[in-house]
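I've put the structures underneath this note.
You will see two complexes here that share subunit A, one where it goes with subunit B and one where it goes with subunit C.
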Partner chain A sequence: MKKFKIGGSLILLVLALFLPQILTNYHLLVLNNTIIYFISALGICMLLGMCGQMSFSAVSFMGLAGFLTAQFSKTYHIHTLLAGVLAIVVTGLVANLIGKALMRLEGSYFTFASIGIVSIFSTLFLNWKWLCSSADGISGVPKLNLFFMTVKDRNQWYYVLLVAAICCGLFVERIRRTHLGRAAASVRDNAIVASTLGVDVYKTKVICFTIASTLAAVSGVMLVYHNSYAVESMFTYDMSVSFTLMVMLGGVNSTLGTLLGSFLMTLLPEALRSFQQYLRLLYGIGIILLMIFMPMGLAGVVESLTAKWRKHLKLKGKGRNNE
Partner chain B sequence: MLVSFLQLTASGLAVGMIYALMAVGLVLLVRAVGTMNFAQGDLLTLGAFVAYWLSVQLGLSLAGTVIGAILIFAIFGVLFMLTVFWPVRKSSWPQAITICTIGASTIIKNSMTLIWGSRALNIPPILPGSVQICGVYLEKQYFVIIGVAALIIWGVFLLFDKLYCGRIMQAAAQDKYAATIMGIPTFITIAVTFMIVMCIVGIGGYLVAPLFVVSTSLSRLQLRAFAGVVIGGFGNLKGAVIGSIAVGLIESYSSYVTTTYKDAVVFLLLLMVLVLKPSGLFGNRISDKA
Partner chain C sequence: MSEPILKLNGICKAFGGVVTAQDVNLELYPGEILGLIGPNGAGKTTILNLISGIYEVDDGEICFARKDVTRIKSHDRARMGLARTFQTPRFLQRSNIRDNMLLGTDLANHARFGKSFFQKEDKNFMKEVEELMELTSFTLDWNDDISSIPYGNRKQLEIVRALLTHPKVILVDEPAAGLNQKELERVVLLLHYASKEKNIGIILIEHAMDMVMNTCDRIIVLNFGRLIATGTPQEVSSNQAVIEAYLGRS
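After this line comes the complex of A and B, so read on.
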């Protein structure tokens, strides 16, 4: 099984490396956006799937990091890479403070408060002159400079994003197997039992929230450098709902599932262009059907199918032994 | 100074009452099915649109509008419960219901846009005109809102604290299994709870629509109602009402200081309450259920 997994990921990687050769420029743009959203969705995957807390504030931290990078690199002429890192660190600190306040809330109260955060930040993104220059946002953000190269076209961006996404994916997979990951899982499954076993529930939630927001910040920085502008309409509540959908469609607690979900959610609007008007309505119906028929997403369906299959094979094998 | 103070107090109180109606609905649903309803603001908007349809498009009288609206709300409440709550009530994943309400919010919002268009509509107030108090002109609609909302909230208190059927609903909300054993039909009680909530919120929408415009942007008010619930203390009806009115007044008075950051003021207050007194101002003393 392990060999199969390694082989599978190698094939995927090789495919991913050669993908830009086949795609048109427009499709490459869609693909790049998908990867950027995937990084943000990973944060939600971590917070929702691992820790069981549903938050919609990812988009705010994306926006905060994005606007900060734009300001640092354009107005203050800080080196672009440094500006990005600085923005991510500042956003992480802000997220930590906000997390400390919000995590005092239980379950769906927390979710509601996170929507409040989205509305505060979108007011700031429209009105705070120091952060956003004007309501039309900031345009002409300089190109990302990685010391040895300047990332210019979409083709180069694709590879940069691919590396970033793989790093973030491995990072989240790694956390899943550490003390923090297991503590988070216990908080998700039963907070009271977790606290009797010595897990600091509040602290675990705050750390998970901070990491998730930092991932969102990374994707925000990437988004702003990639599009070379930042405007409030890039970071709306609808966007946040889409992220949550990506995670739920793929499977709340699965990194690969999140990747699949991000692809489906970004490619679907492209495919359903003629139904543009009904798109969000269909999303809504989709969410409810998803919750009723496959609450664990596509990954959950695959898992239960393979489990069934294995059981079936085992039974067959046993039968043969008996003969 | 006095003029603007009176005006701000009246509008703050009226809007606060609307938040209180939504907050009461939220608390009732939290008690009944244990989840926050993320479609609350869209139910309010639906109320406004239904009122617009009945009173402006069909041209019914006030009595006709109210009776027709309540009928539609009751039916829609049951429909809402059957789609959002009933299929996932036994789901192994507790977030499922919450997510379903988010899905419902998207569906309701977009259906309304498809039916009534995205243009903002106007609805005439129930009592047009204004009265003069101490040299200040105050719209009569403010007093209609305050009066009707107070009446509804009083009715809910009476229903849940004093009447037998309210106790049944509370029992079904606290422990469904035990309630079923005692012979309480949980399906009907939960359905009735949804009906009542939809009626309260829908009437709230009808009341508030003349102050603003009838459009899907009305659903943003649900965040204020939520803030009221948290400030008042979770799951506490009286606290939710007082918290919501406080939110309405603070939001109204905040225009002395700033108009651009009105949203932010309410949520900063919310964050402050969370940091200083996490259980809310009137937090109840029921601890977590294991």
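After this line comes the complex of A and C, so read on.
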């Protein structure tokens, strides 16, 4: 099983490395955007899948980090990489404060409050002069400079994003296997059990929220540097909904599922371009069917199939022993 | 006898107009198994919930390990060494058995979020679990889902998880309910191991009277939130007030 996993990821990696060679420039743009959204969706995967807290505010922190980067690098002429890191850190701190306040609410009340956050931030992104310059946003953001190279074209961006996405993915997978991951799962499944096992439920929620928002911030910084502009319409409520759908489609508690979900959610509209007028309709029916037939997403389907397969093997093994 | 590890002093609790605990006093000593019995609705589980901090007391105080924990949060009490099990076993439903058990070990190790990110997994974990599993003599595939194993095994696993946290006191809520004879014997074995080998104080709620009479060192009887009798199993079973509470006045 382990060999299979390592082999599979190696094949995927090699494929990923050669992908830009066979894609057109336009498809590469779609692909890059997919990877950026994947990083944000990872945060939702962590908050919703691991910790069981549904939040729509990812897009706000994505936007905050994006606008901050744009201001730091363009107006204050801070080195682009440092500007990005600084924006992520500031956003992380803001998210921590907001998390501390919102996590006093439980379940769906928290979710509704997070919608309020989206609304507040989108007003800031339109009207706060210092942050967004004007309602049209900031254009001409300098190119990202990584000290040893400047990321110029989409091809180079693809590799930068690939590295970033792999790092973020491994980070979340590692968390899943440590105390924080288990504590979050206990908060999700049964908060009373969690507290009798010494898990500080409130603190765990705040930390998960902060990490998820920081991942959104990373993705926001990437998005702004990649497109070299920042405008409010990049960070709307719709965006948040589609992040959530990416996670639900792929598998709410699975990193690979989230990756798959991000691809499907960005590629399907491209593939179904000829049915444009029916797209929203198909989309709506799809969501309903998804919730009825695979509530745990594609990863959930795969998981239950492998569980069945393992049971089958076990029974077979037992049968042999009895003979 | 040494000093008590857990002490309740005049505990009161009411939900609206329903009084579920009224002036309850009790003491639990290390290594002792204290039975908590009473008819349905006597307020036994409420007492456990008050001790573990799931509910807050209206009046009175709770002392644990020489500290007043009356206003201390549930998770902090757990960190001080207060473990418990539930009437129906409660686990992380969507995790495998291994992760469920590891959560107990995390507590024993005082795991911290940041630190555990860089640490390797605790090697003693498997050794300790295997020791406990040997006692209960059943084998499991650790990577199985917790929901895939039978009810009886889950009930035993919950006690194993409580033991993994290295507690000073375990509160056990109806461990025998729904178990067959063989599983029941294993539960008793685990409880004896905990109290005699590890010197853990245990409060045991149970309806199976023969189990209570055979395992407990001392018994406390509750009725309508009031403590009506306390003593050794023999004393309690011949107590007139207790017989009345269970059978009604003739």
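Please note the rule applied: the second predicted complex is superposed on the first by the 307 of 323 C-alpha atoms of A that agree within 3 Å, B and C clash if a C-alpha of one lies under 4 Å from a C-alpha of the other, contacts with A are read in each partner's own complex, and residues count from 1 in each chain.
Keep in mind that, in the parts below, a contact is a pair of C-beta atoms (placed from the backbone, for glycine too) under 8 Å apart; a residue touches a chain by one contact, two chains touch by 3 or more.
Source: prediction; values computed, not measured.
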Subunit A as common anchor, with subunit B and subunit C clashing or fitting: fit
Contacts of A:Val201 with subunit B and subunit C, given as first, second, both or neither: second
Touching partner for A:Ile192 - first (subunit B), second (subunit C), both, neither: both
Touched partner set for A:Gly7, first subunit B, second subunit C, both or neither: neither
Which of subunit B and subunit C A:Ile292 touches, first, second, both or neither: first
Partner chain in contact with A:Gly116 - subunit B first, subunit C second, else both or neither: first
Angle at subunit A between subunit B and subunit C, C-alpha centres, nearest 10 degrees: 80
Smallest separation of CA atoms, subunit C relative to subunit B, angstrom: 9
Footprint overlap on subunit A, where subunit B in one structure and subunit C in the other make contact: 192
Subunit C to subunit A touching residues, read off their complex: 52-54, 73-75, 78-79, 82-84, 86, 90-95, 99, 102-104, 106-107, 111-113, 116-117, 119, 141, 145, 148, 161, 165
Of all residues in subunit A, those that touch subunit B in their complex: 48, 52, 54, 98, 101-102, 104-109, 111-113, 115-117, 119-120, 123-124, 127, 192, 241, 244, 248, 277-278, 280-281, 283-288, 291-292, 295-296
Residue numbers on subunit B that touch subunit A, as the complex places them: 35-36, 38, 83-84, 87-88, 91-96, 98-100, 102-107, 109-111, 114, 220, 223, 226-227, 229-230, 234, 260-261, 263-264, 267-268, 270-271, 274-275, 278, 288, 290
Parts of subunit A lying in touch with subunit C, wherever the complex brings them together: 174-175, 178-180, 182-183, 185-186, 188-190, 192-201, 207, 253, 307, 314
